[in-house]
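Next come two complexes built around subunit A: one with subunit B, the other with subunit C.
Here is the complex of A and B:
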């Protein structure tokens, strides 16, 4: 080459040619790459189209087969033959001529009618003009003219009517001539249509263009092209079970309430909605995309973006269940979490704890609560024995006590008292809230402490005072005041202390030891460092939570809880926090560097990332870690358009300026004493653990309320948290009854009314609604026994027995109706039968659409169902 | 404390831990600069090899490749070679653009500044200057002077030799100064900016993992604070001014004195305007490495603080 003449026309021609050909080949590659390589969704759409074609074709063939089998084909052939015959007859000379002639007559008639109509309009116009002038001038000549015109109008109108009469016979004659044809054609059309429609569907499917499809949502700034591959996601019919052709699971819940054209996909599912070139990119499983796609149940965390209240929200069962953990462990005590402000303290007040527990118990508990009880809610702070003692010293010195244990176990219990206490324990149903030796208790909603080892923990005198009046020691407690006599309380205390002993308890501090000032100081510092005041009320510690920035400005106290600086990081947007801002510390290389892994690792081992972290270890199970992580992942600061928001009832009331409901009068005293709202909801206050009592006054009969409060028994064999049409994924309900509070034994403070009277009175005065009539409308024309008989007939006809039990027969889904005549008011049953969802939106009971009379019959029948008192 | 094993680890995406250096150089962003390193090295070596070869030929009194006896026409020989090269470049760019997607990072978020926030690679040299100079100097004055200086080269270069062939001996000073300015002050700073600067614009060796939580305690001070005089006081201002102005005066006068004594013909050929222009640009260029050494070795931030700009 070196010797080649640079001036020759062949100079480096081969190189030039080779490069040109390469470039041409590259151009082909560019076109292929642009058309197919970067557009994998084309393949999926084609595949989906052919799958859908197959399905539609199959449906069509099936329909065709059915059509043939059911004799439709024979019928069609017959009709067609008839039609052909009719058409043949119609073509005959005479008939056809007559048809043409008649049609001409009809046309002629129509033309005449049109002329007449025009004339009528003109005359009317003249009339109206004349009328106007007459009204204005009152001249008699206008009046005359008006009368004349009116006469004309009547004449023309009469002519028109005469013409109209002629039309009908001509039409009838035409119809007679073509007679059968019209009907036969219509029937043939109808038969063909069902098949044609299917054929058309197939044709439409085949015609559909292969193109990029997207939901463009402007206010969330999303362009979700997911449907370009997931072509069948919106369909009601499952075309294929293979991804990406499936339909949306539970589509009628999720897509039904969130029209994809208005919500898009990635608002709930995350992922990279704009990406279309590879599956990994579109699902967001690529570097620098911090929001990987959420799959399956995990997607429910997105419900938290918009829904203020996710309890009883269809399709959000998992996340609703998971959020309970936030309440259980009180995450909001140390972290700011929106929607969890002012929740109250998770742990008991500690100001006087020295008078309550043994010193050695306190030290042991502080060092590792989970070791004491595996179900303990308090986390492990990894305190050494010295540190635990220092904290206990601070708390005990505040209560004015010394390091001291009281050993009651050695004293011989009074057998008679223990026996009486045991009876009281089961009568009062203490086990309903408190777990003992693995039995009973409710750790999901009430969180009452486990009492299996209480005998070695608490002070006998304290226990007596506690049962006597829990509010006195701890004003915000959930423990109700049972109406026991002092003697009964003594028996209960004796029973608890002797029965529930801790075998592992050690009493290291049997002789009182004075507490040193240095230890108190150390304890106080530890409490402030680790923020014990977040969960426990400790006197003197309420003020220390002033934010450092405010403290420097001289602020030393705060008016409301919401201004308190929480000890932990704010969690309101943890689910969208940039990964760069998460400190993986020394675990940077050992765990995946994404947000969810960080959250899970933090929950598993809160102090694992580096030195100096203060969050305690809650000893969460892997299941709880996943559940809590799912909730935290849902706390985002994503841009949520106002139209998406579904505020909770409380938020709505706050926005509308409706003051929250407050209990009044003596009933408020009863509530603060008996804590009805631990389980019942009343006017939006309280837990959803037991029936809502907001309308109890309209619903329940007074005598029944009285007898129930005296001796509460279960109303429903199964709880109402029955799986709702298979959608609920919540825990299976257990059998639960209401505790016996011994109401009516004592008078309410400062009054001489018995508490049952107060409750019943409040129910009847306050917890009523004008929507529910007090009494039943009367039907005068049928005698009562007959009405009752008709009601019973209806009850049997409609299959009520499938769900409700009367006597020994019937199902267990709905409440037992054996004693309903004593329990419910007739007016309530009457209204309930009209629209059962009016008072309880999530009820399972179907709506039968009874007439008013039927409802009266049924009510009258149900009111006869009474159990005679035993 | 032990990291609890994550039972879901197998299902989740595990980031493969590579050598950070390999990770950095294989990033699509950095392909261009990796290519640049190899190409610059190759062409620099080639040019110097040719230059030295020619110098040896000249010393031996033999003709040099590229001198007038071997001339060819523009059309055909040159145009064809240019066409072929343009085809090669097009083929290369086409393959590159199909094979490698444009490197995108996180979706832009106005509330979050990326760390490190790096300029396009060809500007990273200028960004690196921000470590050593006032933004006004690093961002406005120095780039302007670079452009002005490059434009001025044909007018201040009075040496006619080296036209059409490679040589080192005949243009020793021009080549050394240009190479210093281009390779060290421009390309090396780009390489530093790309490979050695991590979060917080802190220095990371290629084998070090980038760490967003890294803390470095490195207090800087101004020159006069080294001798205990507050730099924002009037004495500090005066001392700073003396140092900066003295540097320029010395840089302009000292070579003048030297050449007057040893090489008066050169000065005469240059003329005083050319001399001052060249020396001003040279002294300004040399202020960059001097300031870098002051900053890196003595932790000096500014020499002279004025109300308008800092030097």
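Here is the complex of A and C:
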């Protein structure tokens, strides 16, 4: 063969050629992949551009069609012809000179009018000043001066009107001279512009470059490139409903308040803002990226990063609602959670529970509270009967030595007392907070115990003492002290005990049985192990748990509550805890190994991960699990820049060194008894189920306060109050009003003032604002009946009747005004009509822009609306 | 046409760059070698039996190729990389997502590094099995051993630079091993005689501190990008020069 020489072997040439071609192909692929394969956003941007182009084009065509259909072209041609004619006419000799002359006249006139206007304002000012002195001093010299000034005002005003009359003829002369040239030009311009602007928009869209877009956030390591694909996210117009071309849902709330160029995307949505190569990477749904993207309502968890107070935050409704669960189940009792320090105990004090409940009930309850009441908040600890008995033994041993039950089911109730009790029950509106047999009970937020089976649970003597003075047994309880007489309390007790019996109640210890010391010891150990003292105050237990670090130094007892370590894990940064630190235990293989799945599983089945876990099962529904997990996921130690933080009102006050508002004097005593703040807000303290009373003194008349406290009745139609209360009242809602606390019956401790006097006095001294005048300004020149008539006319003209009810007529949105003359102070109505949002920012009432005089008329009219007492 | 040819070729600039014509003469061939700094390191002549793939496996050459690829891609990567705690990881992310040809540069660098370590070891294995470490090549074997260590060190220092969990803990473990070095590490035997503490031992020198942090990242970066490549290039030159001086690449006995 000729190819003996190995250097010229064909075989090697082919191999070499093949390798070269492969290398070339590979290089080509690398270039293609880098240009397009790794940059899918180019495709999305192109697609978005073409979608936007289509939409703009459609708009343009529509506008064009409208233009043609409405004869726009003809109109334009006509205008142009008119303009040409006018321009021709304007060129004639002398016209231009005349035009200049007329314009000079007009300028001169305007200057005169301006001077006149200034003079008028000055004189009016003087008049008002004099009027003020007059109303204050009533001296006749002021009256005289007022008359003098009024005359001056009339003359100046007359001059002004005379000048105004001159203006129109000059304008008409100019118009005639120019043939309306200016106006025609403006119209032509407007017609052309409306179409050209649309065209320009299309051109701009087509010109926009395809490029990577990102939000670089100052002082952080954020470079959010989400907008490279989500090109229309900032737009006000929905170009397409398909992802990623949509606009941001509720953009005016979220992006409107958080300029994306300053906040970016990932502070709220998490995900991997820098990634652009695939959807999975960008959304953070890849291994080793621990912050997958938050979508939809779940994103609201991020509000917790910056906002200290999300209660009334627009756009954070879901998470605000979810956080309520933390309060409901008292997570902070066992776990340290920032913002929930010093919240008070979730459960009642147990030190003297032996004097309160039946032993059999206690054991049953301890074993499975949810089985007893499906609405129970106490979780299940999976105690065996022995364990439950041991705990009950320990608790009962603190106030006695025996296991004992009382059985009222067999006793015959006193019918007369029961009848009286039933009446008192409804008068005091016990059902407002307490649920019975599935009715009533604002258990969504107040969490008062269900009383359906109370008769088989508690002891009569205890119940009597409890109603008489709840603070005595449980300091800090939310139960108000109603001012019942002892006889009334007896009746109420008789009613509760006989009416609300439990059919399944056991009473194994009607004859008391001695408690053994071994059992007490066992019970104490169990209480310490499971941390019952987290939710319940148990005497002797406040000081047992000590931080491990201190234990190692030999410290075993500390008195201070702050030093007590919570039994559970700290939750302040659970939402950003590295996944490696979460103990999946034996579920490592059966559930997804991410943070959210862990949190949800922990809430569903707290002890399922491995043996030896102590967290009890709250029996949460899947909905509650999701809601609670959303909140917990929001507790992060994310490094949000300080400039983003929006502290809550309390935090702000703390930072400014302003002490929070505190009730003082005898009123504080009344508040601690009647618990007004369970429903009302006063100076930022309390709940928002009932009206804010912070300015009640300026708003309400004394006599009305007195009669309302004596016999509360609805002010506002039921419609508006119902959803806020969240009551479940069955098919026929009863009238919801304030409970009758029987104020005024008793004197406040250590004083001889009655409750109502104290309340009224405090309202008038403390809950007032200088912004609201005590009395109305007086209008001297119109007699009162006429003012009232004018007020009534205004009331009818402005359509107040659409929302407010007087007598039997009117709408049900605003408060009923039938008795407003007895209820509100005139000064308040007067100010309220000026700017209703000043005292209540979220009010629906429109602002009508009344003049001062109109407001006085209206107020005077409203003050005549009085119902005579029956 | 000829005048243009003359204009381009017949001047001092052309001649100072291309010092010879292309006539295939013995003198030209020899001059091509003598006149070229790179080929200067190369043996003047290579016997046919020496280029047999079966004997050398070409591993030394492939190692050099890897090194060249690493140098080129490494320089590209340096343009986009800040050796600081705040930015290092994010720069790696950007290389992966945004920098033009960042993905191919980074991946080439990474794979070539792995490849080089493997190939260097195979090269050494071949040298050992063919007995090429024996006289007269025993000095070059020594240089080769040092180059092997340098390759490992390059690999080790480069591992920290992405500033991810993997690198962070690898360097933590690696330098903790350093802490157990006899005499030089504070945990090593006899170190107490030298008054070695965690703050003056070999680990401290490697990390620029007592734990892995910003200083460790900077030191890694400078070792990886400047110091180690310089030393490696110098020793590589020696290595190739010794191959030439020791009678060319080793080959099967004739």
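Rule of thumb we're sticking to: the second predicted complex is superposed on the first by the 720 of 870 C-alpha atoms of A that agree within 3 Å, B and C clash if a C-alpha of one lies under 4 Å from a C-alpha of the other, contacts with A are read in each partner's own complex, and residues count from 1 in each chain.
Definition applied: a contact is a pair of C-beta atoms (placed from the backbone, for glycine too) under 8 Å apart; a residue touches a chain by one contact, two chains touch by 3 or more.
Predicted model, so just to flag it, every value in this text is computed and none were measured.
If you put the two complexes together on subunit A, you find that subunit B and subunit C bump into each other.
Judged by the touch definition given at the top, the superposed model places A:426 against neither subunit B nor subunit C. Of the two partner chains, subunit B is the only one touched by A:600; subunit C is not.
Once chain A of one complex is fitted onto chain A of the other, the partner contacts of A:23 are limited to subunit B, with no touch recorded for subunit C.
By the touch criterion defined above, A:585 lies against subunit B but remains apart from subunit C after alignment on the C-alpha atoms of chain A.
By the document's definition of touching, of the two partners only subunit B reaches A:290; subunit C does not. In the superposition on chain A, A:437 makes contact with neither subunit B nor subunit C.
When subunit B and subunit C are set side by side, the one touching more residues of subunit A is B.
Shared-chain residue A:221: touches subunit C; no touch with subunit B. After superposing the two complexes on chain A, the stretch of subunit C that clashes with subunit B is 181-189, out of 37-45, 181-189 or 199-207. In the superposition on chain A, the residues of subunit A touched by subunit B in one structure and by subunit C in the other are 30. Remark: subunit A residues 6-7, 9, 11-12, 15-16, 19-20, 22-23, 26, 29-30, 33, 285, 288-290, 578, 580-581, 583, 585, 587-594, 597, 600-601, 604-605, 607-608, 622 touch subunit B in the complex.
Contact residues of subunit B toward subunit A in the complex are 1-4, 6-9, 12-15, 17, 72-73, 76-77, 80-81, 83-84, 87-88, 90-91, 94-95, 98, 104-107, 109, 112, 115, 209, 211-213.
Here subunit C touches subunit A in the complex through residues 86-87, 90, 93-94, 96-98, 100-101, 103-104, going by the rule given at the top. Taken in their complex, subunit A has these residues touching subunit C: 30, 34, 38, 212, 221, 223, 225, 274-277, 281.
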